[in-house]
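Next, two complexes with chain A in common: one pairs it with chain B, the other with chain C.
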Partner chain A sequence: MSYYFVVVSPSDTPLFEYTFGTSKAGGNGQAHFRNGESSRYMNQFIVHATLDVVEEVQWLSPNMWLKVIDNYVPTNSHISCFMTGTNVRFMLLHQPSSSGTAAGSRASTLSSSSIAQNPTSPQTEEAIRQFMTEVYEIWVKTLMNPFYKIGDEIKSPIFRTRVAAAGRKWL
Partner chain B sequence: MLDKAKSGIWKSRVEKVNAELVTLTYGTIVAQLCADYENDYAQVNQQLEKMGYNIGVRLIEDFLAKTSTARCGNFRDTADMISKIGFKIFLNITPTVTNWTADNKSFSLLFDENPLADFVELPDDGRAQDELWFSNILCGVLRGALEMVQMSIEAHFVSDILRGNDTTEMRVTLLRMIEDELPPDDE
Partner chain C sequence: MSMPPSAASTTYSNSSYSEGFRPSMHSSNPSFAGAGLRLPSNRKTIYDRNLNRSRNAELSRASFAFLFMEMVTHAQRKIKSVSDFEKKLNEQGYPLGMKLLDLLLYRSSPAGSATSTSTPAVRPLRILPLLTLINNKLYPLLFSRPADSLEQDTQDASKYMIIDNTPLTNTYISVPKEMNQLSVAAFIAGIIEGVCDGAGFQCKVSAHNQGTDVWPNRTVFLVAFDESVMERERELERQGVK
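Let's turn to the complex of A and B:
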């Protein structure tokens, strides 16, 4: 599974971006999007389009964790969203490894519900929820830094390291 | 004497202020000073020290009232009093007193934790890491407080975890005992 994680401000400005791959089931933490190089802007594009869905879904649930709210069929991408109390959105695009020749041999040894393979299984959903919750904690701590101005891009290397650690831990 | 102060009345008082409120308030002050002095960190350090001084000259009275301590016999007692009672009351931490010089006039306070610096990451402009002493207000507080009890001291930080050092260390040096009671110059 490959992941693209982005924090979007209430005014739809991206504050933080992070691309990574699964570390479970022998993954090396590198992203392998099936649309290759174009994924760099396609992921942004897809997630941006999902923001409209967020605006609909957010009123249907009292929870911050909105689960998988959208998908993009051509690349088999799924988008999960976590929304904080101040309308900051944590968007996670996740894309299972392509079932082509590269990953085919490995896929057969994995169960269909494993996090690395099935983007909609309850296990995956739970893992992403845990990831989001942890990022939420890190996020709050970052906001408490007096030198961080609300609405600015997050440049803190500590934040990035911690998000990466959360990614390794849960996804 | 230290034991007496330790068992003092201040222990039973439950303070009401929330730790995050203090941390954020102090952090905001420092960040605002950095903005006001356009990131001239030497100036910011100096201003923080002055603010601390003005706190210290008042806080000492509160401290003495709360703990009803007697005069310290020597500077070593003073150091223990600062660490085990002073910091304990006001910040609920007990920095370690260490690195005494042979003449007993200079020591270090090692801060295992620093409530003022929770959540803080220094600005990554390449200078703050080398120039700003984020918690410099504490130096001023000590200077102000001790000046009111006839000790002229000099205090400065020598390392800070925020800067990437392994420890947070403040160096405190006794300059002289003030014999005549001069009115303090209120800055």
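Let's turn to the complex of A and C:
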């Protein structure tokens, strides 16, 4: 599974971006999107299109964790969203690794409920929820920095390391 | 109170500046040297600290009074009117409210929420939950007690009043006669406005002195929500969202 994580401000400005791959089931933490090089801008495009869906559901559910709210069929991508109290959105695009490739032979022996293969299983959802909750904690700590101004890009290398660690731990 | 500037700067450079932090851009820490990041001497960054406040770890009232006095003095410079003054204080509180909202929601979720399976805190969707959050959660976080009362304007449904009989900001600030309209609680009004705006409820919050014989510092925070918020409120009411 490959992941693209982005923090989007209430005014739709990206504050933080991070692309990574699964570290579970023999993954090396590298992203392998099936649309290759074009995934770099396609992922941004898909996630931003999802923001419309977020706006439709955000006032109907008081939960922060909004689960998988959209998918993009051509690349088999699923988008999950976590919304903070200040309407900052954590968006995670996840794309299962395509079967039949080099990784596929190994992945096919795993059960269908494994996080790497089934993007809509309850296990995957739970793993993403845990990931989001952990990022939320790191993000609140960023807010507590008196030198961080609301709406600024998050540049702290420690924030990045912490998000990467959360990604390795849960996804 | 009036320390000579030379003495103040000497103390500063002797103790904290040279030992605690390294002012040069060349950090001794190799891993972050390229990013120009400097770590405190004990290597603990803000990310290493726990967000949940330990019990009874409260700040001293004296230090708050001192800092707030300085803020008021700072805001007093280059102002044309009392409303200018209040606007400046309001602007100082506003970012604080924006940041406090998420800290508040984080803390109201079960401790160590990353590991527990129970649901985290919920975002306020309607006006009433938002105002109760301010009254019963934000106020205790800031002042260790809830606000004294929450009322709705009888004529205008978009106006609410949060009433504080003894605002901490006004306790140690005496206002001169020619500025008797001024309420330094505009700072708290700014915090409240920041929380509301952050949650997506655009509004204007102002502080008004309404002293009584029993409570000479009694302050009313008038929260006036935008028409767009009221429109959404009606729509959510119709859809039965709580």
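Just so we're on the same page, the second predicted complex is superposed on the first by the 171 of 171 C-alpha atoms of A that agree within 3 Å, B and C clash if a C-alpha of one lies under 4 Å from a C-alpha of the other, contacts with A are read in each partner's own complex, and residues count from 1 in each chain.
Keep this in mind: a residue touches a chain if its C-beta (ideal position, glycine included) is under 8 Å from a C-beta of that chain, and two chains touch if they have at least 3 such contacts.
What you see is a predicted model, and the numbers here were worked out from it, not measured in a lab.
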Overlay on chain A: chain C relative to chain B, clash or fit: clash
Partner chain in contact with A:N145 - chain B first, chain C second, else both or neither: both
Of chain B and chain C, the chain that contacts the larger number of chain A residues: C
Partner chain in contact with A:I158 - chain B first, chain C second, else both or neither: both
Partner chain(s) touched by A:T13 [first = chain B, second = chain C, both, neither]: neither
Contacts of A:Q130 with chain B and chain C, given as first, second, both or neither: second
Touched partner set for A:Q30, first chain B, second chain C, both or neither: neither
Footprint overlap on chain A, where chain B in one structure and chain C in the other make contact: 141-142, 144-145, 156-158
Of chain B, residues touching chain A in the complex: 20, 23-24, 27-28, 30-31, 34, 118-124
Interfacial residue positions of chain C with respect to chain A in the complex: 32, 35, 37, 45-47, 49, 51, 95, 98-99, 101-106, 113-114, 119-125, 198-200, 232, 236, 239, 241-242
Contacting residues of chain A [partner chain B, same complex]: 141-142, 144-148, 155-158
Residues on chain A engaged by chain C in the complex (per definition of touch): 10, 59-60, 62-65, 83-87, 130, 133-134, 136-145, 149-150, 156-159, 162
